[in-house]
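Two complexes, one shared chain (subunit A), two partners (subunit B, subunit C).
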Partner chain A sequence: MTSSFITVEQTSKSFHKEAIFQNLSFTLNKGDILSIVGPSGSGKTTLLRCLAGLESFSTGTFVINDKDVTALEANKRPVSLVFQHPLLFPHMTIQENVAYGLTFQGRKKKERLRLAQELINQVGLAGYEKSFPYELSGGQQQRVSLARSLAISPDLLLLDEPFSSLDVRLRNEMRTWVRQLLKDQEITAIFVTHDKEEAMQMGDYVGVFENGQFQQIGEPEHVYHSPSNAFVADFFGDHLIVDQETFIPVQSLFLSKTKPKQVASVWKGVMKNKLHVHGHTLYQIFIEDLHQHVTVSSSIRLNTHERIYVSAHPDSVQTFINSQQRNG
Partner chain B sequence: MNQLSKQKKIQFWALTLLFFILPVVFLLLKSTVLNFGFGRNEDIEFSFIGWETLFSESQLIHATLVSLGIGALVVFLNLSIGLLAGKALAFYSFKGKSVIESLFLLPLIVPLLAIAMGIHVAMIRIGLSDTWIGVVLIHLVPTIPYSIKMLQSGYASIGTGMLQQAQVLGTNRWHRFFSVELPLLMPSIRSTVFLIFVISLSQYVITAIIGGGNVVTLAMIYFPFLDSAGSTVLAAFSTWFALLPILFYLSMELLLSLLPYQNPWRTRL
Partner chain C sequence: MKLSETNKAWVLLTPALLFLSLPAYGLFSAIWTSLHENGSFTTKHYRVLFQQEAFWESVGYSVRITLIATVLSLLLGLLLTRAFTSIIQSTKGKLSIWLPMLFPHFVWGYIVLLLFEQSGLISHSLVEMGLISSTSSFPIMTNDQNGIGIILTYVGKETPFVVLMLLPIYAKQQTGYKDLVQTLGGGKWAAFKDAEWPWVFPVLLEAGIILFAFILSAYEVPFLLGATFPEMISVLTYDWFYSGDWNERPLAFASMIITSILIGIVSFIAFSAMNRKRMLLTKGQD
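The block that comes next holds the complex of A and B.
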């Protein structure tokens, strides 16, 4: 177990006897990026704050590189946290901001400034060293914030929805760019988000978090195609959840205006919305019997509020991993 | 510059001139011109007699130094208490917080004289009456509530995020305090220092009660002047009185500029 770079074992956190998360365990190898995705209020930010040392775990141990850091204060942990907002120090220049954490690493001023300059170049802000934070745009500020956290060479970098205050286009650019930067520098990172696309794009692994538990951890593709339970299927996948045990992958669903014959699974639906993505037409269909929305790609032309049949071949019905384990 | 901002600038300087600069200029003139007034046909007569009379007052320099010393100590104690209490009130939630907040404001609600009379008895018992320490302590009563409130809002405007960010970057408590908290609190600290010093400087009654005539501050010799001296002398005294907080403020500003990460010509908070 201790061979992993990061080991979180049986950790719990409660506030005033109310459990935020319980018996949480996971491991990460050096250079891995784990995305934690979950709805608001699922406790993922609290987990991140506990890992950063801003809150303490109620129980459990947290080991980084064979060193138990559970009892260490935030400023003594080899962990850095990038917050949702850039939180740059307004009275310091960009260079001073980036070099700030290095003051406590026993480095000489010249070296601190050299390191800061290197990072500023890496985040593509050369020429802004002497600028003040208010002179930068939101995206640039967040890049400085990232550079500042990377400057102290943390063993573990935590990112708490760092792109949520940016506009969609910039957010997309930043995702690709940050992931590349983390990979280039082999930085072990945990990335928290409520956006499943962002989680998939950023993480080598994805942990779907709900009710203070990881509902499932795995590679994004695996979690997407083989959800462990109905919550994961609903939150992370685009599947049609038939019941608490089974689901139908969205790519196996097809739409028709007339009721198809020789197909076992047919539901009546109403077309609610039409989207055009990457050259495909997607219809958002509400299926009354299952009380669910499902978004299906189709070449037939539909109007809003038009009644439609959603069907799937019986072979395409799959069982959730947890249910398989229980039954098997 | 567009028309609107130009107009606003003119308005700003007009108001500043009228309410802040003219009174001071008037005071300075008054202290050096003997026959000041409207409707006189005589030639204006300049004289330093007012200032000479003022400096002939034997206790002036001593009283000024005592006032400065007491004021500086009161400001220092205010900042120490205000920073701690303000931070606690801004960042922590605990049972009875609102009760404590209103308790902190009580000295402003209960008449100062009543407090001073009560405390005087206690101070006589413990031997603090007639001493400058006693005067410093009684000056805390009308000042502490202001500094707690001002620094509390200062901390609230920084927010916990900024300080936690500094913490996760690996800095210890003291470094955080000097490199992030104090520089960001500068606007609140400036107002606190100025206000507290002026309040302390102008205390007459409570200084007289607790100091018992032994502790002679500037206010103690200023008030008797009101009756006896001529208006030129009084204007000179008032100018002298007003110079003190300005000098104190400037030296505080010099001290604050020693903090790390000061870019006096560029910082915008």
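The block that comes next holds the complex of A and C.
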């Protein structure tokens, strides 16, 4: 992320003196997808609204393709936003919905309809041009919404939890499909979600957002395996957080009914729940000393509320990136 | 015995149908009387009616007054609701905007008369303040040929009704659509035209039909505030009905039937134009 098709520099936003986010900076190359993931209320939607121009930044600059768009209003920015709900105009046909934004670009009706048709084909809804939104399923409606946002050829596409109203199966299908479409068309996008799996699946980069700050930005795999702090480890990774400086990846933990000898890191736990995923048995263990739940794969048979030992080899204890930098 | 779904619907509809039977009886009785003379069928009363200049003048005058009062009420109601939705939703706001709805039309008309007639409160206050020399300099606004008093009364009474009809639309309006229009490149006008008007228009039209039907045929306000000539159709009909000449009574019936037909045509056109759009909007809110 060194080149800068998109540059967001030192941006902040406050409402009535209360800071929503502060000194945010990041850059994106053309065609990059950044997933912003964080818990509800962390300020990520406000950030998206500021990028779209629906709210103004309190400070900082926002540059797209070497043009400073910070002061531009929403309708003048080369940015479009796909909302949580499809928000299709119920009284317009699918074709009219997709062509809607093109009317503001002064294009002739014939051209508008041709472009809309191309996009309808791309999102796999050929044959639905004359249908009305209520005749489409939730997933199809969200695809129309995406087509409508893409129709105006934005330099930056923002997506605000667009799959949250869909059922789990459809959501999975849509993730793969939308990512492919964005990649095929080399569209620069920022995708906001509170679901870490969705963030990993959709983004070339993931930004973990909390308290109005990026706690860490990087490639999904890197953020997952090498969290910068305890929050990222807890929210984004599957790790046992030993203290504010160290953690143990969950795959390095093992369970035993008796206390293992010659292992330094051992904790007592209680089995709370059992899951079966991809042919593996996963146990949710509560470790009282660390006041944490951890989900560990194991072949031993355990009953609910059974006492158990959770242990790890000392070599597997890792230090958070931030702590390494501080100490290094 | 278990009732079928259809029978159940009929049972549930019975009270409403019984209630409707009263005006329906009145309407059919009026049609019958207007089309009969001495027990035999005739269209004579309609032919006589259509030849009466007073009737056409009255229809024109009534439609004009009705349209002006309806459009002004709708416009004012829309502007008030748009500007003050959050205030109107509070109890104080609701009370202040709906206060005029508590008064009967006749009382509201009387208030307008007390305030706006040449020797009324406003005129006297202006004289006291030295803004006009005498009450006769105050413009004639009641019992006038332009029907200003009638229009003022209806606008005052019907604007709160329009607000009442529009408030639910504005209270649950999704701001998302306006944001959407902006992010797609549209300005404020586009946001109004595409993200607000389609939801507001059907309700406004419905309120408009109700007001049109009511104002066109209501009697007490034009009786109190209208001029001797021209008269609104309701006043003219009332005069014919209670005049000493019994020959004019069928004319009264015929003119009321024409008024009903006029309202029916206007309502039919408006509803047919809106029904599909309304269906799409309702389904779109699922």
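In this text, the second predicted complex is superposed on the first by the 325 of 328 C-alpha atoms of A that agree within 3 Å, B and C clash if a C-alpha of one lies under 4 Å from a C-alpha of the other, contacts with A are read in each partner's own complex, and residues count from 1 in each chain.
Simple rule for what comes next: a contact is a pair of C-beta atoms (placed from the backbone, for glycine too) under 8 Å apart; a residue touches a chain by one contact, two chains touch by 3 or more.
What you see is a predicted model, and the numbers here were worked out from it, not measured in a lab.
Superposition of the two structures on subunit A leads subunit B and subunit C into a clash.
In the superposed model, A:Tyr134 lies in contact with both subunit B and subunit C.
Legend: residue contacts after superposition of the two complexes on their common chain; A:Ser80 is shown touching both subunit B and subunit C. With both structures placed on the common chain, the touch criterion links A:Arg112 to neither subunit B nor subunit C.
Applying the stated contact rule after C-alpha superposition, one finds that A:His91 touches each of subunit B and subunit C.
Shared contact residues on subunit A (touching subunit B in one structure, subunit C in the other): 52-54, 73-76, 79-81, 83, 85, 87, 89-91, 100-101, 104-105, 132, 134, 148-149, 152.
The residues of subunit C lying in touch with subunit A in their complex are 174, 176-177, 179-187, 190, 194, 198, 277, 280-281, 283-286. The touching residues of subunit A, counted against subunit B in their complex, run 52-54, 73-77, 79-81, 83, 85, 87, 89-93, 96, 100-101, 103-105, 132, 134, 148-149, 152. The residues of subunit A lying in touch with subunit C in their complex are 49, 52-54, 73-76, 79-81, 83, 85, 87-91, 100-101, 104-105, 132-134, 148-149, 152.
Those residues of subunit B that touch subunit A in the shared complex are 161-162, 164-172, 175, 179-180, 183-184, 261-263, 266-269.
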